[in-house]
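The following pair of complexes shares a single chain, chain A, combined with chain B in the former and chain C in the latter.
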Partner chain A sequence: MQSAQQLINGLMLGGILAFVAVAFTLTIGMLNFLNFTIPALFMLAAMVTWALSASGEHIFALGLPWYAAAAIGIAVAMVASLIIERFTYRYLKAHYGDATEHALPLVSSLGFLIIFEHAVITLWGSDPQRLELPFRDMDLHFAGLIVGIPHLFSLGLAITLVWVLSWLLKRSSIGRALRAIAENPDAATLMGVEVARIVPVVFLVTGMLSALAGILYGFSYSTVTPYIGDAVATDAITGMVLGGLGNVWGAIVGGLLVGLIKVFAISQFGAEIEKIPVWGLLLLILIIRPTGIFGKSRLGRGKF
Partner chain B sequence: MLLRIEQLDVLYGRNHAVKAMSLDLDAGEIVTVLGANGAGKSSLLKAIQGTVPLARGRVLFKGANISRWSAARRVGNGLVMVPEGRQIFIGMTVHENLLLGAYTRRDDTAAEIDAIYERFPNLAQRRDLPASVLSGGEQQMLAVARALVARPAVMMLDEPSLGLSPILVKQLFELIVDLNRSGLAILLVEQNTNMALAVAHRGYVLELGRTVMQGTPAELSSDEQLAAAYLGQA
Partner chain C sequence: MSGYMSGVLAVLLINMVIAYSVFLPAAAGLLNLGAAGFVLIGGYTAGGLTSRAGWPLVPAILVAGLFAGVVAFVLAFPILRTRGVYMVLATFAFAEVVGGIYLNIPSLGGATGLSVSTYAGLPVIIPTTVCVVAFVAWLLSTRLGLAMRAAHDDENVSLLFGVNLRMVQVAAFTAGGALGGIGGALLVHQFNFIDVQTTGVLFSIYVLLYVLIGGTQTAWGPFAGALFFTVVPEILRTMSKLDPSMKFLEAGRFIVFGIAVVLIMVVRPEGLITRTLIEKVQGSLRRLAARETAA
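What follows is the complex of A and B.
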């Protein structure tokens, strides 16, 4: 019974990691860009949702209903993601040629991560804050097991969104244009694809996914801090690598696996060493199968 | 004049790839640009397409100055390129490649794509297979077919015969003539000088970025220096 509960807990945590892993894998697969601002957007959306919905003395304490606060949190993260696109990916590409081949956008995205974290700390301090939904009982009970509703909702939403995303990538004109950019940006231009106008779409989608994940994380664990992005980033990156870079369904499976490994490791060996199995697994995968479980032969490009 | 290039310069850093190039392409014409490796032929096409910037000069298309248009906008207006090395999307199916060719089209292209399949039965058979399974000749056909779906007024081809067997080269040039007869203006960059002059109405010869000669195929082939340098005839 105990391990059944842990299986559920692992899958629930994994559902949120899967969201973030999908955001990572989209920018890697499309743009060959490891975007470290994803955890910052995750945290930003959760903190904005808390600040707007809570009442108190802090800035922007508007006491908005949770859904309005969450909608604004998502919008803020999407706008921030567009700003990031403008000043990491696009600026560096325009000034230094194919910057995706270099570490420049990665390093500048790390810079954004730290700036966002500290901007949030300056605004609202670094204390953990309570973020709760107004419903009374947030858990489903059956056969002695407990399933959190926000957890369940985030897992379902992650799978639905990835299903919609992969359908759009396969069937729609903009999806084909995105895959063309992922495979060969120069040839995509020759098809009449305005690459500079399509790339921000990737950032809007990753901003939305990261924000949804952050808010669902906050509601699931009832707590947000300016540091939740850091914690989730490494787990989600491990999930992405497990599933194969650029593979959206792989990212879902990878995220779920990492969630399970974390929960079982903590229950078996205690919370102190939870990072070791996750990072150990990441290193092991990189050594024995760097394309991940579902990745194809080439790393990082054109996997849809 | 359908396409007019005026005093065009292309610079890559200090490398002056194209110098004061002027060129005309009229409706219904095949014009070829000849020259050795590094003469600036590909740079010229890329500058016309808008994928490399102009240092000086103008590109006029259907009477409009398109020098500042994005490459994608030029495609949407009917200036379409079949790039060197085909550049087809090998991770996508044959059909998806054709749909990408129709990317700028807002009208229904299904009937045109069907007509393409009728013209290229090999592509029709492999419609839903990844383009990576195509042979070199089929890939070149797909690259041309994909450009056709964009409904071009001018098609630019960069070294289309590269890497093809003599039989396939012959088929390709028959296709080029055929397309031209149905009204398509063609700007052809080729190293296969004999084949290019056999189909072209006029030609330009580039040397180190500069036009050293222009004229009809007969005029160009009768020039002894040119024949020695580019036509493989001593």
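What follows is the complex of A and C.
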């Protein structure tokens, strides 16, 4: 019974990690760019949702209903993601040829991570805040097990969204253009793909996925801080590597696996051991089998 | 010198030593996002030696550097199997694993951290930093330095020219790890304390930013980067204290830092100090000297 509950807890945490891992893997797979602003977008959406929906003394305490606040949170993260695209990928690519040859987008995205984190701290302080939901106590109980509704919803939503995404990538014209860019940006340009107009789509989707994950995380654990993004993103990166860089379905499996490993390690060995299994696994996989458990992927190698 | 000034100077110098630990691999074309790992190894080794074994400070610092260097050497071989994004992630994962290991060693304080009573003030930190900078400048002037530069610019071409790429990169990574250990040893004795939180997730990121913002082409790069990013936030903080209307800078100075990072990458993608810049400065100095003698 105990371990069945651990299994469920692990899968529920993994559902959120899977979301973030898909966001990471998309930018790496399409643009060969390790986007370190994803934790910032994750946190930004959750904090905006809290600030707009909670009533209190803080700035922008509008007391909106939760769904309106969440929608604005997602919109803010998507706009932020477009700004990031402007100053990391597009600008540098336009001026210095293939931006992915350098560490530049990586460094710029680290700069944006710092900007957003401290902008949020300046606006709302660094204390943990309670994110209240009307259906917070609506956990499902059956056979003595507890399943959180936001968790269940997030896992379902992640799988649905990835299914839609992979269908769009296969069938739609934007999807075809994106796959061409992933293959070779220069050849895609020669074939008439408008790279500068297609690339922002990846950033919009990244922003949306990270924001959804952040808000669902906030709802699931009822607490948000300006630092929630860091820990979740690092776990999600492990999930992404497990599934193979650029592989969206792999990212889902990897995210779920990391969630399980984390929950079981904590319940077996205590909270202080937590870092070793996840990061040790990442280090091991990178060295022994850098393509992830699902095998071959040529993306993300040899370039920063 | 006031206590505040000497405190800022000590932090600046330690930051420089740690920046050079990331600079050496970066100068050979390896992105190391695991500075925190070597800093922790050096800090806990030196701190353990002085507080638990009663060693004097200077040998403890040297042994810490040596030990971190050995770890870096052993680690270099598996790490060098990875490239690009994978290497960034692998070094980052290494730092987190090191943090996780020290968190679970109760004899070195575990989660409560390690307190040491030996204090390393400026009389120790200044000579150590000078030695480190001189070592890096000397290393870059050797044949190995030239090979590192070649590996940084183009791995394949340097292989074609007969550079022993693996040897060069292992050497750069090992020397970098040793410098990180020395930096950690200074850090723990400056603050009389170290725990895993001392080097959080952001620590390695900041150090890598010092190096890439400063520039990886010359030995001046990390010097300029660490100087810029230690002094500018301090100036902003002082401004926020002096003038009530600048109060927002207190928390907002890191926003300025982040914006500076993004803008510098836009304007000077190779970093603040580049080889061309130094040649230009040297050229104008020479012209100036020529004019002086002509006049």
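The rule we apply is simple: the second predicted complex is superposed on the first by the 296 of 304 C-alpha atoms of A that agree within 3 Å, B and C clash if a C-alpha of one lies under 4 Å from a C-alpha of the other, contacts with A are read in each partner's own complex, and residues count from 1 in each chain.
Following the convention adopted for this analysis, contacts are C-beta pairs under 8 Å (C-beta built on N, C-alpha and C of every residue); 3 or more make two chains touch, one makes a residue touch a chain.
None of these values were measured; they are calculated from a predicted model.
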item: First (chain B), second (chain C), both or neither touched by A:Ile149; value: neither
item: First (chain B), second (chain C), both or neither touched by A:Leu286; value: second
item: Partner chain(s) touched by A:Ala75 [first = chain B, second = chain C, both, neither]; value: neither
item: Which superposed partner A:Glu183 touches (first chain B, second chain C, both, neither); value: first
item: First, second, both or neither for A:Ile121, with chain B first and chain C second; value: second
item: Contacts of A:Leu157 with chain B and chain C, given as first, second, both or neither; value: neither
item: Which partner reaches more residues of chain A (counting touched residues only), chain B or chain C; value: C
item: Chain B and chain C contact sites that coincide on chain A, given as residue numbers; value: 302
item: Sites on chain A touched by chain B in the complex; value: 173, 176-177, 179-180, 183-184, 186-195, 302
item: Of chain C, residues touching chain A in the complex; value: 31, 78-79, 81-86, 88-90, 92-94, 96-97, 99-101, 103-104, 110-111, 201-202, 205, 208-209, 212-213, 248, 251-252, 254-255, 257-262, 265-266, 269
item: In the complex, chain A residues that touch chain C; value: 28, 32, 34, 36, 87-88, 91-92, 95-96, 102-104, 106-108, 110-119, 121-122, 230-231, 234, 237-238, 241, 245, 272-276, 279-280, 282-283, 286-287, 290, 300-304
item: Residues of chain B that touch chain A when the two form their complex; value: 49, 51, 70-73, 75-76, 80-81, 83, 87-92, 96, 99-101, 103-104, 146, 150
